[in-house]
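Labels for the chains are A, B, C, D, E, F, G and H, by order of writing; each one numbers its residues from 1.
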Amino acid sequence: MDSERLVELLKKVRARSITVASATAELRHMPFEDLGFAKIDHHRALRQGFPEVIMGLGKNPEDIAAIVRAMRRRKSNILVTRVEPEKMAKLKHLRTGLKFHSAARAATWTRKPIKISGKGTILVVCAGTSDIPVAEEAVVTAAMMGNRVERLFDVGVAGIHRLLDNHRRLESAAVLVVVAGMEGALPSVVAGLIDKPVVAVPTSIGYGASFHGVAALLGMLNSCAAGVTVVNIDNGFGAGFAASLINRV
Amino acid sequence: MDSERLVELLKKVRARSITVASATAELRHMPFEDLGFAKIDHHRALRQGFPEVIMGLGKNPEDIAAIVRAMRRRKSNILVTRVEPEKMAKLKHLRTGLKFHSAARAATWTRKPIKISGKGTILVVCAGTSDIPVAEEAVVTAAMMGNRVERLFDVGVAGIHRLLDNHRRLESAAVLVVVAGMEGALPSVVAGLIDKPVVAVPTSIGYGASFHGVAALLGMLNSCAAGVTVVNIDNGFGAGFAASLINRV
Amino acid sequence: MDSERLVELLKKVRARSITVASATAELRHMPFEDLGFAKIDHHRALRQGFPEVIMGLGKNPEDIAAIVRAMRRRKSNILVTRVEPEKMAKLKHLRTGLKFHSAARAATWTRKPIKISGKGTILVVCAGTSDIPVAEEAVVTAAMMGNRVERLFDVGVAGIHRLLDNHRRLESAAVLVVVAGMEGALPSVVAGLIDKPVVAVPTSIGYGASFHGVAALLGMLNSCAAGVTVVNIDNGFGAGFAASLINRV
Amino acid sequence: MDSERLVELLKKVRARSITVASATAELRHMPFEDLGFAKIDHHRALRQGFPEVIMGLGKNPEDIAAIVRAMRRRKSNILVTRVEPEKMAKLKHLRTGLKFHSAARAATWTRKPIKISGKGTILVVCAGTSDIPVAEEAVVTAAMMGNRVERLFDVGVAGIHRLLDNHRRLESAAVLVVVAGMEGALPSVVAGLIDKPVVAVPTSIGYGASFHGVAALLGMLNSCAAGVTVVNIDNGFGAGFAASLINRV
Amino acid sequence: MDSERLVELLKKVRARSITVASATAELRHMPFEDLGFAKIDHHRALRQGFPEVIMGLGKNPEDIAAIVRAMRRRKSNILVTRVEPEKMAKLKHLRTGLKFHSAARAATWTRKPIKISGKGTILVVCAGTSDIPVAEEAVVTAAMMGNRVERLFDVGVAGIHRLLDNHRRLESAAVLVVVAGMEGALPSVVAGLIDKPVVAVPTSIGYGASFHGVAALLGMLNSCAAGVTVVNIDNGFGAGFAASLINRV
Amino acid sequence: MDSERLVELLKKVRARSITVASATAELRHMPFEDLGFAKIDHHRALRQGFPEVIMGLGKNPEDIAAIVRAMRRRKSNILVTRVEPEKMAKLKHLRTGLKFHSAARAATWTRKPIKISGKGTILVVCAGTSDIPVAEEAVVTAAMMGNRVERLFDVGVAGIHRLLDNHRRLESAAVLVVVAGMEGALPSVVAGLIDKPVVAVPTSIGYGASFHGVAALLGMLNSCAAGVTVVNIDNGFGAGFAASLINRV
Amino acid sequence: MDSERLVELLKKVRARSITVASATAELRHMPFEDLGFAKIDHHRALRQGFPEVIMGLGKNPEDIAAIVRAMRRRKSNILVTRVEPEKMAKLKHLRTGLKFHSAARAATWTRKPIKISGKGTILVVCAGTSDIPVAEEAVVTAAMMGNRVERLFDVGVAGIHRLLDNHRRLESAAVLVVVAGMEGALPSVVAGLIDKPVVAVPTSIGYGASFHGVAALLGMLNSCAAGVTVVNIDNGFGAGFAASLINRV
Amino acid sequence: MDSERLVELLKKVRARSITVASATAELRHMPFEDLGFAKIDHHRALRQGFPEVIMGLGKNPEDIAAIVRAMRRRKSNILVTRVEPEKMAKLKHLRTGLKFHSAARAATWTRKPIKISGKGTILVVCAGTSDIPVAEEAVVTAAMMGNRVERLFDVGVAGIHRLLDNHRRLESAAVLVVVAGMEGALPSVVAGLIDKPVVAVPTSIGYGASFHGVAALLGMLNSCAAGVTVVNIDNGFGAGFAASLINRV
């Protein structure tokens, strides 16, 4: 996919309709993208089956609606994250097609069928029921990016047998997203049981010395089990996204 | 065990050798302890089979030797904590009787035989081999205070099967001291397996975002398993002491 | 209480209706719990007179009502913590039986009479009147778990005589829960007066450099009095629970 | 690979030399691992071409030498991390075979040829020359785990053209490990250029408000580019390990 | 002011109506306060012209009204701090006598005329207009405690000439309370100008890296000018109280 | 511009209508400003074309209106910052002349035409659309202070080509204000591209481990690119002001 | 004490040997101090019986010796703080007169007899033996500044009876300096017992979650007892200095 | 200064010795720098009279010597920062030309005469004598970058008259670098006195709650005086560099 503008310039040089000096000068004024050089269009990658993403946090319903409408023209799939219930209610008027995932606080609009391009299954594990919104955000994200996704919820370390009862599901996953608040110990235990990449997501669930997720975050960063990498507190989207990239390696 | 001074005063009142007014006045000048009031002699409790304790941290060998010598006169058992190897070497000259526990960085001098007064067994569990010095400090402390103590070391959560293989030992303990650095997840898992009091000890083992034990401390404070209480970072002594009190309830 | 499934399998082996190889394979697919192995059902322990617990924080009244309804079928006692007044109002419609403890921000439903199984008395002490909700949460928790519980409130260290006036009550307790905000000094003073286990609970009472309970938490972790262990900020439930376990050692 | 002990037991059941009841009881006492259940042998995974790993941090040369000697018997490859130069000097006496990687502060002993099992190339990128030790630790780790590894060093964001000059190398990698201290911005820029998983490693390089790597850590956790996951400060080993797992998905 | 109960007891001893032994025992059960021993009635001190104090923060208007009503019986003056405007409105119904100081967010009820017992003048200085509520709280507190109080407001260090223009007022004060938010530099400058005690009060005025007053607090604790002591963030009452004690030395 | 009062005094000395002693005394009581000594009238500087500034944060609309009315008499231009939409609505009633800049959350009243006194162009760059309010505050501030100001918005480091496409605009600016939240990496990249002063503004945009702008702040303070200086989180005004001073050097 | 230079100038004006205009100009160039304006000579205050102070922290022995030598010429008393033992050894060569206070890590040189100018007694109280160096620094400082100083050491809150036994000494002091590490609770208890100003000094004594004195500092700032003001961690000098100023009010 | 490689390519196109398609392809493989596009050579800026800079912190003398030797070939001036005395001693052997600035902990090698290109004077101000090393680093940096630099040292806010005595020097500077530790208040006061850009440098001077410069850093970020921008703790180089860029605007 060559840049027409660049080709056009080179043709003029070839046709000698401009000098080498002025071609050099013009090249330097040419937009970076036109050079095709290190184009590095992140969005191109996304468009290969990836959805356009709108971060709903800090945006009011009007803003979200406006962005969704603008994106529709691009004919790509859409994922809106962090849409709290009251915001969802205000987005209901948007044209048919927008699907609300209330557990994930997300909305999606699937204009093109999602092709499964991820190699294996992404298993999203979470510690407690309060962690589910973040876990579901990871689920919806990974699903929209073309992955088989499974859930294993409410298997916190204080009842380790529940996790162990599911060891075969852990072992059969290609990539794991492990979500936990409070002390954030679940990723360590899970990574100790399997030898697959574990993307750990601390949540802000807890109170007092949990410091809105900092305790869980530190727990995960200091995991005694190798193979754990960590994303920001409550960043279910980031975990689902990273797991998707990993699932295509 | 009445205060002689108090009895003497009352006898004088009775004998009318002093007035009520001057007795009242004298009473108010009497040392708090002589009144037998609110006893509050913490050290008496300790002497009931408890050792005298010297915190070695921040003291040089000369100071420690001086205190040990002074204590010898009191004929009680002695526990010196936080005696790093080089300090130990400098304490070797002290008269026979001082026993060095190098793994625990502790020294003890047992002048009176230790009577087992704790009801059950205190099980000291630790996550990694680097946590052993703190765990051993708890072991020596609890042993000096008259408890049966057992060890279960190197059973971190990244290899959960090692812990589970020992579940019967966990279950047979009356009180557990659980020591861990890094993410500090072990107490949560242990407390989820049993229904006994768990005294959690974070250690400063780790690097980077472990912040010298803060990550482990926060992990333990935010434990999703009820029944966990926490002491200061690296405070093996405090944990052994608390477990001893618990073991006498 | 053997697992039927496991016995069934062994009977088949004995009856030679399956081979050893397939028995081995089946064993490995058997749920963890069926093996009776390290079953370690934490909830079983709880059911031995312990209530089922619902953490009300972060749950809306509808969620709480649904969980309560589901639990009713299990015929166990129920303890709901962190139910703020407005939530309580919305839970009033639940069938007779749910009792509200407004000072504790808790609700309980006692379907089976509570048997006193704790050995001694648990004394819940608090520093200021603002600490009472957390202290009461500990009281209700310990009471629901089958303990004799007493209160000693508003005995902060700035008026030390009030605490000392009650020294006999302190001395007669088997376990103490000591609740304090601001500088969190009360547990140190109490633990210096007695030789019983002290479970310290920092509260978020204070402002400015109290950092929502961090000052009190650090104060307690650094207590100069041995025998103090600490739970999370405002965690009255955890303290009551730990004290209950200690009271059964 | 069946557990002999389990098979033996089942054979006895079959032979009716023990009752079902005693077999059930014996099963429950059998070590977790013997059941083959949730085997969970993390080390098995490692042995599939993975090296045995010794964390040198906090261990003295004598300890390291002892562990290395013990491991030799197991005939697996060995990776020793965090071996500072002076420690290395003291390990020189170990028998031929131990290879020192001074840039990585690591030592390896390759007893079995390393088979490349990773799918693509792992590219280790670092921002400044001071970050190289951490980057090299990731390189050595990934190499020992059977991956093709390449380096792209000293391409910090303050001289963005150096990074862009290498965009084709970035694009051709399967997984990227990106190492940076100070503001830790490099992973964001790299992840914006490609659509591959990026494992970010903050280093403790910096001073003042870098807080020993915290600034870089926070920068990476808050990356505006999706696809970035983070490990602990200076954790080159963890990043190399995680990248290896990702490279086998 | 002897304790009647103690005198009564001693009289009985004198009258031989009880034995020395039982007198000893009874003495030990006597409330601490009755012994007159270290009576240490902090409130007595307060009653010497000091008001009774109610901390309004975290109390609802009903609670405050109830406490005020209860205190009225004691016939002492009353100071209620941290009464935000909406709370004040709800307290208007209380009987005549309660005076509202809206700038100080305080209410007072002066039943006994306030006698000036402080030696010199307490000068309350503040940096910006936003710091006035905290400064006024100090003013009202010191005034209620019997001090001459003066104000010097809005003399922040960014316009140092305004402060210098008032140097004679600074010099004529006996004690200074210096209130500042943001960088909290004012106490350093003031303490450098005079040789009187300076009680510094950081306020939570600021945003971003002021961290709700932490920047100002740290600034004051690290003052390069000797003679500065610090109270908690926004603690105008504490500063006014301490300044009053200092003004009576 | 001599102080009349000082001149008057000296004239009296000259006329011998007062003694040297009383002149000395009077001099010492003279207001600092009258001495013309280190006059240091910061506001004078501001009035040289600079606006009067009202910080709207923490002030209610009534306060702002009152200050604006008072300032009108001084006939200077006015800039009100941090006026959230709802406050703006309540300020609409103020007399014609007040102009609202909703994107900047600012209001201005230009009574004297603004003269361009800045030497070059101030370019305000921001990373994401959420950073625009802070960036616009810088724009409005710099414009009111007499500078040519340009905008380059939404050029975050995750899409580095967008920034590079605008390199000529970066290079032609005299001073740059660079605004970014999250990891705050943009100033480093920008400062690496040009050799002009960069004033970096961290914003509170982000969540979790962004800690309300702390991550961005630390990132900027640790910038690996020389030439970056930093202001407080969200301090668009401070950046615009500093850039204006720089643009007049 | 008029400034000669100022008087000289005014005399010239009077003598008409210079014009009013040039006098005005000269006045503005006159050093601030010469104007006698806003006196502000902090050092004068100090010289009124106060010692010259050298902060030894961070200075090497050579620097200290040089400063001491320079100061000798000024004929004032000298106080050198934070002189660790090894530094003291290197200062021994200084001429007779320098006295070393090893417990206080301080050195003094008393050239003029110290006159007692403080009104009452300053009582320096400390919690543990490890706090003594900081307490002694306060003692030496207050003594050098002309106060009667007494010591009450090793009266920590874990053994409250020792403190209570000394209540009369507490009550007879005019000002108290209370020094404590670990949880820093002592000032609260002391301030609750008396109604005198308490200057609290947190020390860095402790480990783990004491964070080098931060726990004690926070405890003191959040004191539930009014009348407590706080200085920086380990700042015995600052406390002694502030207590001295208070003792002269 | 055209890239020869680019010109060569365009000449070939013109000469039709290669096709447009292959020229397009070749262009895309061409190193970023060769395109002359967004040249972005940060070092070019530096070479315009700027020195090459070596950050000595964390580098051993051998490394520094090696880099210095390598740089010599480039014929540019050299500035080495953070060279502690012992490192300096080890660098003495380097060939004549390297000049050591011990107060600044820096070394310079001036191969080309430094041309004054800065417009005005850069005044470097510092609060205490302990801040001088950082201040001198700023001085040396600014001087090496071609500026007139002046010093105003030891003018801390606790003795405000010393600063005010120098107000004319403050006013005559074009740019100010203000260096302070402890509470870091000096930049606020200075910026309130003048209307020039102030680059504030917090230093790590202090102890206890100064947290190695954090208190000073926060103080400067929260400056109540507009016009202050801040660099990292102890970053004298960064301040000198930024001031140099500002001085050329």
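A few points about this structure:
Note that in this section a residue touches a chain if its C-beta (ideal position, glycine included) is under 8 Å from a C-beta of that chain, and two chains touch if they have at least 3 such contacts.
Note that the structure is a prediction, hence the values are computed from the model and not measured.
Shared contact partners of chain C and chain E are B, G.
Counting C-beta pairs in contact, the pair that comes out ahead of the other among C-G and B-E is C-G.
In a homomeric contact, the two copies may use the same or different surfaces; for chain E and chain F, under half of the interface residue numbers are shared, pointing to different surfaces. Inter-chain spacing, taken between the CA centroids of chain D and chain G, is 54 Å.
Note on chain placement: the centre of chain B and the centre of chain C lie 25 Å apart, centres being C-alpha means.
Residue positions 32, 37-38, 40, 42, 158-160, 164, 192-193, 208-210, 214, 217, 221-222, 225, 232 of chain B are each in touch with at least two other chains. Under the contact rule defined at the top, the touching pairs of chains are A-B, A-C, A-D, A-F, A-H, B-C, B-D, B-E, B-G, C-D, C-E, C-G, D-F, D-H, E-F, E-G, E-H, F-G, F-H, G-H. Interface residues of chain B facing chain C in the complex, by the touch rule stated above, are 37-40, 42, 45-46, 53, 119-120, 164, 167, 171, 174-175, 192-197, 199, 217, 221-222, 225-232, 237-239, 241-242, 245-247, 249. Remark: chain B residues 29, 31-33, 38, 40-43, 57-58, 202, 204, 212-214, 217, 232-235 touch chain G in the complex. Every residue of chain H that touches chain E in the complex is listed here, in rising order: 127-128, 156-160, 164, 182-185, 188-189, 191-193, 206, 208-211, 214-216, 218-225. By the touch rule above, chain E contacts chain F in their complex via residues 130, 158-161, 164-165, 168, 205, 207-210. Residues 2-3, 6-7, 10-11, 13-14, 16, 20, 23-24, 27-28, 30, 32, 35-38 of chain D are the ones touching chain C in the complex.
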